[in-house]
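Chain naming follows the written order as A, B, C and D, and within any one chain the residues start at number 1.
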């Protein structure tokens, strides 16, 4: 069933919100009233409900099937978290109410921060960044601030080739020159390659660990030591923290700053692209530079430092955003953490790694592993060597998964592997679910090897849409609906 | 553990298939001394009842906006959200879906992003809008960076009446990017005088943080004459229903906080940043964009487009480091806006305006209190005898949340000491207003 | 995607509910502990979520499309009502809490009763019946009680042929003999036919108005008068009240008792088959016999009469069920009524009738109307005369609607019409929605007339299931899942 | 009106298509003097805010179970419901779907009904269960009617320890159907003695309304010897997790209130009646049944079946007049039971039992208070010095909802005056129990 746009079915005089007309008043707008048609028709409530329910039916979600997206950790979203976020004392409080009327909110932020610090082995956390990339920005600004505070100026940031695109983008945003570090044969970073690039002009290295090839950087301590010895800082991309929560603490590895994607590791819903939250844990060296506002817990009492002027000895790097960050995400993450507990989170990491390795072990005879058949962390990375000569591409293979009822895995990332297929099942999948998924992938792989190219090149066949023309979309962008021209005008 | 499906038997079978003897064999790459022998020192897992109790205890320490006469604004507003909105955004297919990189199975998300972009363009009176920013303040910071890219200048002139949190957000990134920021005096009139041809953009808020509504047409002309861009910030999206939109006053970029439409207060976030501009600046715009196209059978469909601007393609050459948007808040906004339509939005805006006028009239009658605004939409500033922060605190003790002391936003600025920024929306009743006026009289 | 049964994917040791083991205790069960396997495996929370989300995707609902079910009134279910039902002071109160701790609940019941009485023009209401049929039972018992109270005994109940099956079933349940009244040519009841059957042995007539042919019984007043003159009572089936709320009051027509399906008229959700609620409005003659518990409102104060012993002068017929009836439905209906108001409900009735007539007028050239092309009430009744010779049956036609994205209309009911197709769009549909529906039905009708029988006989083709074998299900019923026999045993 | 999509223009166009001049032309069959000239004298439509305020005002007058130490049972129980349950039952495709008469597009509903039937059969220890009754009490009444059909006798013998509301529900229908009902003495031991071969069924509750748990095996033998059926009523479904099920004690029909699993208290309804019996009585069973079959392609599917028993087919010859079932409550039950599994249910039952024992111990220590039960699951009866209803009222004044005075269920029965029926579930904490004991001590 096709679903029209709201602008095609709405009518200008309709509204789905009843509200009484105000009593007469004398405008205080100083003759700045809006005049003319805004161009936004309304829908009655039943029409609105049906429109969005039908739209939703064109989507795939974790609740509808396995979501094997490497480096994106799409895990179960407990509805308890949603319920907690809607408690009036959480969902219905204003960021600028008198602080005396929101002590529970301050306490919650402090408590979540404590959990994040304990789990990462870091002494401090900047809570306010609004997403992972925003957290990266915060962390890198803290590093820059710390370097400036000691009277230095450094201009280079090292970034491995396998890094997420946000890493170089963030470094560049605040004026750093990005120097790439190649991966060695086994998919990890060679400390010698890092050392080669270190100099008094290097401010930091940005490293993801486990890395985006699904491997734990086994020389991470050596790298951290070298970086520190050069007077630089170690920024860790926390996107893959889900593999090691409760098993390894980044602080123990020498990390100076790491953002945490609450939606990846602590199950705040991805929501079709956000909102997220990206708290950044900070080492002792970086802690003084945390942006305002922040919460200080002393003798069990949480206190908010809202402005730089109240920051005492600290040297806040500034402010990341208005208000206190993503409280709606904090409460969900806190609810998840309390539910799992320290034991459950450790078990979750183990299960995430176990599930990924189970998939790896079950597909390795058919699909090719770029770095050999060795243990991976919470995601299994395949390349497209095994598709050589089949006429099937990684993209085709991924789209064919849709017809089997699955969301595609992450494709063509990391860039260091040709035709990468990065599979992350997460701990939320049962063995039975994995077995079905493995069977589907094996069936597809055998099909590809048999040369059944039609099944792939035209895929998906059984989705709300066939493959979409992205080139056309980019060539002459249509980014909003415009009313059709009246027939007469169009005919002229 | 209710969230973990594997049983001990499953784990045993799976390890056997993998061919390792225990789970730590899979963690072999971790330096031995760094692998924790046991879980960190934090509480163990809790039942749902216990989690509800623990978080419930925190929640009840806070005073919910709906439970008292409530007049706090200054960048976030208490509005009524139809039950339909919260129901729909919790549907599994929206809530648990991913960024729509696989458009064939994400048309639901993509279509509402396209609808949202259309709504935002219409509301702001601009040509084109993106699929959202994190919030208004970070959107404002991105707007400044965009203006720098467009003009190839690196100096922003910011109105002192811009919400100070927004200003500081801009200042922070600017400082680290080695860009320059100049700020005009709050409640002063030295803004226009500082425009010259080194300025890349002028950032003004309308209605401003004190609630004042201004015609920006002349300012826009002056800005454009200097080869700069006018960035207009709006923190109260309901005002789009009644106030002349920035697009009609010459804005080049409009940044707005969309929270008022569909998104609960939740202590400041997540919210949803609206970001709109002129077509000519499209390719310098940050953030995701949904665009219309066709599928292999020629059917209309939607995709994320122009991603060559974005970090996952461009890496260090991206227009912005932004990755996440505010998807679910976008959805809430789109649904609420769909329900309202322009007829409902306009009526809602008039009710807000009328309520603010009634409140200003009531508070203005309290001896010693002066309403400072010449113009306003649903928010205005009063001067009280004495310390504004004290007054707000005393009102809170009486169960009335009466506004934001300007000194909280402008710490150390002596001119702000006796000012309170007061907002009134459709949720306020005659009783609320009467209670406020009476209480204010009592505490002064 | 197929979805297994929970018993096929669950495991005995798994539970999706965390709860701590109790401390040691000494059993007080007197050696009556349950031993052995219950046979109910558990699922973790993520598996449970996915299972039921996927099941839901195999369903059709009002929110997903137009629901043209005659005589069943599937209208928009506002989510505000769901929200109100979950207020702690409504959803989380116990029926046997001290009455001093639930005054708001008593007041709500009283207030809903007042609205129902006003809208029906009746002086009293029995709130507790749990569904429409239960309300019928209550109303008919009240009639029986009233007749007994005046020292009479009557054994016959008149029921028109077009009545819902519950009517005769209810009458029979409490010992009445059912005598059928035929419909006249125009689909309504002839008062003369009623008079012919009236006698001192007739206790009541059960009449639906508007009737199940979608027509207003134009002689209803004459019928009521005749019934009353014979000393009998007029029971009205309120299933079709949605056509006349705010337009006509059953009390003004001589009705003595009428149940109200809150889910049909006042938008409590149908929920895949319930729960419903069936309050019965009662005339002055029947009011004293209302069952306990009931709410009395005096001087604006609502008071609960919980037991017969507290009933004062009233002569309660007994108790319909434990506790106070369907509070969860009362609050939803009250929320709906307050939202619509008296003006909105009147408009809703008008729109419901308008929508039905619009469909009738738009299809009458292709499909046959059994009683001529005259105004109907809120549902339009077609018969299958127009399908003669096409090889397509009413059932086929209905199933083909599924492939067009619509739920079938009510089929083969009322029984008085051959191959009946009863269409009720309700007031929740927009004109645009009706136009699409009409276009789809016209397309199907033309297709049938063109003899494209495959499109019908095999339908549905595009549903989660093709046509199901109902005979097989009834012949050797499988009513629960049983574990597959172990392979060894099965092989023997 | 937010729920009505038609505009005045739409209405005009539609009337024109129909060919009438105004809406009342369509009401022409209504006698002219009976057509109301205007809407009835009731309030006009209200906005969502106003409706929330109006109903919120009523709701806050009531004391919610979760907000106080809570020990009220006697047929309805306060249990914790996982958030998953309430989320799922609100999904549009469940909430707004119809009775699954069109199985091709109702497999979601049909499959969960089938799963429910399987769960109920397993829990009760019976062969077969239906797709639910309105609630336990109406189910009990249907069970008696069914026993009459099976035995072709018309006299029911009812235990005096059956919940009095259930008894009265049975008595009411029986009286109007001219069937006989005999009731044994409450808390007496004259039940078995009244069994003879005129009796169609014996109805007992286990645990009974006073909380006592009994072995019914011997009773069942006696009932069967008389050619009658044993109907066992269970009002606390959690007990199935720990107490020997009726099916193992010889029950012929088991009727239970399923509210404890997944359904909120909501002042008594809607709830969900469980109804199970032996295969041999299947065709006399009331209510809907979902059955397994195959579709035209041979795929497993589910349909409503054996509807030749039902009113819409059989009309006056139906086994029952029941039409509606309790669909959405069935769904809640099925989801909660799926989450629990037998492992979770058993643990939950043991926690309930342990909490009740701890409570009984605590209350039994209060001077003058005596726990009367020899056996119990999560509910028991205490004797207090003085009037039980007064004591409960005084406890309520102290913020403790301490149980149900037996006199409220047995009005006029002097033996019940000083008894209070007390329940304890997993929601009660040590603090709750201590508070109850302390308060009880104080009020006595």
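Definition applied: a contact is a pair of C-beta atoms (placed from the backbone, for glycine too) under 8 Å apart; a residue touches a chain by one contact, two chains touch by 3 or more.
Worth saying up front: this structure is predicted, and the values here are computed from it rather than measured.
Colleague: Pick out whichever of the two, C-D or B-C, is joined by more C-beta pairs in contact.
Modeller: Between the two chain pairs, C-D has more contacting C-beta pairs.
Colleague: Between A-B, B-C or C-D, which repeats the contact pattern of A-D in over half of its pairs?
Modeller: Most of the A-D contacts reappear at B-C.
Colleague: What's the distance between the Cα centroids of chain B and chain C, rounded to whole Å?
Modeller: 46
Colleague: Based only on mean CA positions, could you tell me how far chain A sits from chain B in angstrom?
Modeller: Computed from C-alpha means, the inter-chain centre distance equals 19 Å.
Colleague: For chain B versus chain D, what separation do you get between their C-alpha means, in angstrom?
Modeller: Once rounded, the distance between the two centres reads 47 Å.
Colleague: Which positions in chain C touch two or more other chains at once?
Modeller: In chain C, residues 11, 13-20, 43-47, 49, 53, 57, 62-64, 76, 78-80, 82-83, 339, 428-430, 433 touch at least two other chains, as defined above.
Colleague: Which residues belonging to chain B are in contact with no fewer than two other chains?
Modeller: 1-5, 45-46, 48-49, 82-84, 86-87, 90-92, 339, 426
Colleague: Quick check: in the complex, which residue numbers of chain B touch chain C?
Modeller: 1-5, 7, 45-49, 82-84, 86-87, 92
Colleague: Can you check the complex and tell me which residues of chain C touch chain B?
Modeller: Residue positions touching the partner: 11, 13-20, 43-47, 49, 53, 78-80, 82-83.
Colleague: Give every residue of chain D touching chain B within the complex, in rising order.
Modeller: Touch list, chain D to chain B: 2, 47-49, 80, 82-83, 87, 90-92, 339, 426-427.
Colleague: Taking the complex as given, what residues does chain C use to touch chain A?
Modeller: Listed in rising order, the residues of chain C that touch chain A are 1, 9, 18, 44-47, 49-50, 53-54, 57, 62-65, 76, 78-79, 339, 405, 428-430, 432-433.
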